[in-house]
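Quick one: the structure is below, and I'll ask about it shortly.
Labels run A, B, C and D following the written order; every chain starts at residue 1.
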Amino acid sequence: MKDTTIILGVIGSDCHSVGNSILDAFLTERGFRVVNLGVMVSQEEFITAAIEHDAAAILVSSLYGHAELDCVGFRERCVERGLEQILLYIGGNLVVGKPSREAIEQTFVKLGFDRIFLAGDDLETAAKRLQADIERQKQSLTSTETQISNCGIVK
Amino acid sequence: MKDTTIILGVIGSDCHSVGNSILDAFLTERGFRVVNLGVMVSQEEFITAAIEHDAAAILVSSLYGHAELDCVGFRERCVERGLEQILLYIGGNLVVGKPSREAIEQTFVKLGFDRIFLAGDDLETAAKRLQADIERQKQSLTSTETQISNCGIVK
Amino acid sequence: MKTKKNSLDDFNKIRRQVLQSWPTGADVHLDEAIAYQQAIPDSKRFAKAMAEAKARNTLLTQPRAGVALVEEHIRLLKYLETEGGADLLPTTIDAYTRQNRYREAAKGIEKSTASGVSMLNGFPAVNHGVEQCRRVTESLSRPVQVRHGTPDARLLAEITLAGGFTSFEGGGISYNIPYVKNVPLRKTLTDWQYVDRLCGYYEEHGVAINREPFGPLTGTLVPPCISHAVGIIEGFLALEQGVKSLSLGHGQGGNLVQDVAAVMSLKSLADRFFREAGFADFELTTVFHQWMGGFPVDESRAFGVIGWGTVVACLAGADKIIVKTPHEAMGVPTKEANAQGLKATKQIINMFGEQRNLDIAAVEREKSVIEREVNCILKKVIELGRGDIKEGTIAAFEAGVLDVAFAPSTQCRGKILPMRDNEGYIRLYNHAGIPLDDDLVAYHRERLEQRAKHEKRNICFQMITDDIYAISKGQLVGRPR
Amino acid sequence: MKTKKNSLDDFNKIRRQVLQSWPTGADVHLDEAIAYQQAIPDSKRFAKAMAEAKARNTLLTQPRAGVALVEEHIRLLKYLETEGGADLLPTTIDAYTRQNRYREAAKGIEKSTASGVSMLNGFPAVNHGVEQCRRVTESLSRPVQVRHGTPDARLLAEITLAGGFTSFEGGGISYNIPYVKNVPLRKTLTDWQYVDRLCGYYEEHGVAINREPFGPLTGTLVPPCISHAVGIIEGFLALEQGVKSLSLGHGQGGNLVQDVAAVMSLKSLADRFFREAGFADFELTTVFHQWMGGFPVDESRAFGVIGWGTVVACLAGADKIIVKTPHEAMGVPTKEANAQGLKATKQIINMFGEQRNLDIAAVEREKSVIEREVNCILKKVIELGRGDIKEGTIAAFEAGVLDVAFAPSTQCRGKILPMRDNEGYIRLYNHAGIPLDDDLVAYHRERLEQRAKHEKRNICFQMITDDIYAISKGQLVGRPR
C-alpha cells in the first residue's frame, strides 16, 4: 500500500476537524499515502488533488448534514476530468437527522459513491475494504474488461 | 358521598402498600367512607367486607403484575354472593410488563371490571367517575330497568 | 453481646420438614450440592466478584430479572449479560413463591406455557427444582444471585444453593417488614437463621455464599439510621451462623450528601460493630440501590433518575449498584428496557472512572449524625435484648424502638413520620419510639421547620404525600402546588 | 488596559454595506426594530431570564434546534417549549448561512420545500428575513437565542435582532477558531465588534440583548484555562461596545472536580477581570455545555452522558445548561429525541433541587491552578498588545500564547498537546507557546506521568486518540486495549 495515494477531506462548508485528523493518522498508519485536504474542501479541490497525486481513491467526509447537497454531480465531474476509475468513498453523518442505513445508502449510491460509512462503523473494516477495492481496481485496469459491477455497499 | 362506602384493598399476594395508603387518604378526603383492607386481600375478604358494609363499590389495587391470575372469577363470586350491582374498579400495574392500554382493558373488562386505571392515570378523574358511576347506579336501582349498559372503560 | 450459632442437630431436624414441604425438595442432597458448588469456577462466585470490586474500587452493575419459564429465563439473563453487559446477574423470584404458594406458582407456569408470555412476575425456582436451576446457572458466565422477598425462604435457599446460585438476598427483618402483612418477626428471624446456617454450612465446606440483607426496606422515605440498624443486625445474625461474605445495602434517598454519607457510614459502622462483637474473618461490601420509590412514567425522565442514582453511587464509593429500567413505573421490563438501564448506568460508571468517593464538609456532618443515630438505636436494642440481639430486635419492634413507615406489616408500629427537609434530606418529624438523643431530635425538627417556613405552610401530612409523588413528578422535595 | 468603543459614525458607514450584502437586509430599520424590541415582554427577554436564574440559583435548560422552513421551525420550537419544557429556546442557524452563502441556503430551502424534509442543518434566518423571524419569535412564549458559528455574523445579527431574538451567541475568536479554515482573526474580531456595537446600541435604547461567547471551542480536550481566557476576552470586547448581559460558557471536560472548578473559577475570574478593567454595570452568568465531543451511538448510553453532564452542571452551580439528545452521535435530532434530552436533563435538575455547588478540597486546588494559568496567559496577552487586548489577542495567537488543538483554522498554531491525566483531568503534555509558570508545567507533566506509569506505556500520541474515542466507548480516560 505504500505507493497507494488516497485523497482525504471534509466536503463543503463543514468544519468538523476532529474525525479528519483521526482518519489521517489511522490510514497513514495502515500504510496508505494520505493527502489530507482538511476541512471545507470543494469538489474541484478534491478532483484536482486526485489528478495531481494520481490517487486511487477519494475519501470524502461529511459530518454536518449537508452531504447530499454538497455531493451533487461529484461523480460526473470526476468522469469529465478523466477520473473514470477512481474509487469514491464517503463517510460521516451523511444526512440531516437519523434515517435508516438503507435510505442513506440508496441516496449516495445514486450519487455515484462506491462505499458508504456511517457513524459508529468500524474503521478497521473500512481500511480493509479500501485495500481490497484498490487491488481489484488495479487488476481490472490491467485486464481488458471494463469495470462496472465493482461498486458495492458495505452491509 | 358521606354515606357512600367503598372497599379498598390490594389483591392477592401483593405487598405494595404505599399506593394503598395514598388512595385511602385521597378518597377519604373526597368524601367517601373508605373501608381499607390493606394489602394481600383475597377475593373472599373483599366480598365479605362489601356485604358487611353495604358498599357501593370495590376498588381493587394490583401492582405486582399478577392481577389477571388473582382476579379470575371475581365478578362471578360477587354475583353468587348477591352483589349483582356492585361496581368493580381496578387500578395499578395490572399486567407483567408494558403492553398497550387497549390490551389491558380488554382483559379486565372480560373479567367483569367496570373501570380500569393504569400507572400515571389521574386520581382526580378516577374519583369523579366513581362518584358519577355510584350516582347512576343508585338511580337505576330505584328504577325498574335492569342495568347492563353501564359498564364503561376510561379512555 | 452474645453470639449464638445454631447447632447442626437442630438444623438437620428442621431440614427434613423443610425439604418435605414441596416435592422438589426431595432432590436436594447437601453433600452432592456442596461438591457441585465446589466445582463452580471463581469467575462465577459472587463473593469473589464483590471482594474484587472492593479491592479495585469499582462499582458492579446488577439488574433485576425473572420470568416464569426456564428457557425464557435463560434467554433473558444471557441477553442482560451480553447486550446489557451486566457484571452480576439476578434471578428475581415470583410473588407466589415468595409466599410459599407453590400451587399457585404452578398454575402461573401452566398459564405462561399456554399463552407464551410470562404470567408470573419472577422465576418460580422451587417449582422448577434443583436440576432446572443448575441449567440456569450453568448457561451463564457471570455470578448469579437469588433476589426475592420471601419471609420463609428455607426451601428456596436449599433448592437454589444446590442449584448453583452463589448469593442469596434477604433477611428476617428486611424480607418481613416491607413484604408481608402478618408474619411474626420471631418466625422470620428464626427461618432466616436457618438460611444463614445453611450458607454457613456451605462456607464451612469451602463454598463461599454471599449474603445480602435487603437495604431499601419499603423504598419510600426511609431514614438511613433505620435501614442501617436493620442491615447491621441482619449482617450480625448472618455472621453468627458462619456467613463470611456480607453485602449491606442502601436505597437512594435522593439527597446527594445524605446518600454519600449513608454509604460511607454504613461501611464504617458495620465494620466496627462486627469487630467489636468479636468477628474478624469477614468480607464486608456495600450495595447502592437506584431510586427505589415510584418512578416517572416517561422513559426519558426515568433515564434521568437512573443517571442521577448512578452518579451518587459512584461518589459514595459503593461496590455494587442495583439498576432500574426506563419501564420501572409501568411493569416488569422487557429485556431490551432492562439492558437500556444497564447501559445508561454503565456509561456513567465508566465515565466516572477513577474519580470516586466524595469528601465534603456536609458529608462529614451527616455522617456523624447518622452514626450517632444508629448508636442510639442499637444501644437500646441491645439493652432490650439484655445482650441478645435477636431478642432485642423483637422487643425493639414491639416497643417502636425500630420502626418503618408505610410498611404493610403489623409487626412494626408505623408511627414515625419521615419527610424531607428543605434540601431533600430525609428527616423525622415524629420519631415516635426511636430513641434518639434530644439534640438529634431537635436537629431533625429544626431542619423541617426550615422547609415549612420556606414553603409558607405548617408541617403537615400533605408534605409526606407530596414527597412521595415528588420524584415521579420530576422533583426531590414535594413542594406545594 | 485600554477600552475602545466603536464610534457611531464608523458603525453606520459599515452598516450600509452590511445591509446591502443580501436583499433581505433592506428590511432592517433600526429605529423601528428598537421600538419593536421595546415592546417584547420581560418574560421573553433572555437577559432577564438569565439574571433571574442566577438570583434564584437555578439551572435553565436550552436545546439546540433549527430546520430549513419557517412553519416547521415554529412547530419544532413550540414542541420543545411544551413537550420538552425547555426554559430557553434556540434557533440554530444552518451551515451555509454561517458561511454567508445565502445562495446555497436558498437552494437548500427550495429542496426542502420540494422534498418535505429539511435539507439544511439549521434555520436560514438571513434568507427568511425580518418578518419571518418575527413570526418565529412571536409564536413562542420563552426567550429565543440565535446559536450559530458564523465568522461574519453582522447581517445575521441585524436581521435576527430586528426579528425579535433577544440573545446572540458567538464571538470573534470562538466563532472563528473552531468553525472555519482560513478567515483572519483580525477580520472576525472586527466583525464581532460590529455585532457587539449593534447589541450595545440596542442596550443604550433600553433593550437588553444577552451575549454569549461560545465556550466549548472544538469541544474536544480543551483545557479550561484556554477556553476561559477566550471567553473573558470576548466578554471584555462585548462590554467595551456597550453590552451589559453576558453569559460565559464552559464545555464539559469530563472530570467532575475539574468541571466544577472550571465553572466556579470562570465566574470569579471574569468578574474580577471586568471590574478591574473599570466595568461595573454588567450582569455575568455562566453556561455549562453537556459533553461536546463525540457521543456514543447507543441511545441509552447517550442518556448516561446527558445525565452525567447535568449532575456536574448542578454541582458546579451554572445558570444555564445546553442540552444534548440521544440522537447526538447520529444526526440532527428529531423533535422527539430533542425533547427526550430535555426531559432527562430536567428530571435531574429538578431532583437536585437546592443541593447545588460542590465544595471539596480538590475543587479548591484545581480552582487555584486554573486561576493561575489564566492569569499567566492574560498577562502575556495584555503585554503583547501593550494594553490593547484586541491587538494582544491577535499577537498571542500568532505567537502561540493562545492555542487550540484540533482546530481547523490556520489562525492558531495547533501545537499544544492536551491529554487526560490518570483521573481524567485534561492536562497539557506539550504546552507549546502557552506561557505557563514552570511549576504549573511541571504539575501537568507530573500528572501525565502518573497516567503513563499506570498504563505501563510512555506518553504518546495514541493516548490522545484513545482519549478522543473514550467517551463514545463508555470511558473517560482512553486506556490502552
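Note that a residue touches a chain if its C-beta (ideal position, glycine included) is under 8 Å from a C-beta of that chain, and two chains touch if they have at least 3 such contacts.
Remember, it's a predicted structure, so these values are computed and weren't measured experimentally.
With contact taken as defined at the outset, there is no chain that touches chain B as well as chain C.
Centroid to centroid, with C-alpha atoms defining each point, chain C and chain D lie 45 Å apart. Look at where the CA atoms of chain A average out and do the same for chain D: the two points lie 32 Å apart. Mean C-alpha positions place chain A and chain C at a centre distance of 55 Å.
We define each chain's centre as the mean of its Cα atoms; on that basis chain A and chain B are separated by 65 Å. Residue positions of chain B touching 2 or more other chains: none. Looking at chain C, no residue sits in touch with two or more other chains. Under the touch rule stated earlier, the contacting chain pairs are A-D, B-C, C-D. Residues of chain C touching chain B in their complex: 95-96, 98-99, 101, 104, 107-108, 111, 117-121, 149, 178-181, 218, 220, 293-294, 297, 327, 329-334, 337, 406-408, 461, 465, 468.
Of all the residues in chain B, the ones that touch chain C in their complex are 12-15, 17-18, 21-22, 25, 38-40, 64-66, 68-69, 93, 95-98, 119-120. The residues of chain C lying in touch with chain D in their complex are 254-257, 296, 298-301, 303-308, 310-311, 339-348, 350-355, 358-361, 422-424, 471, 474-477.
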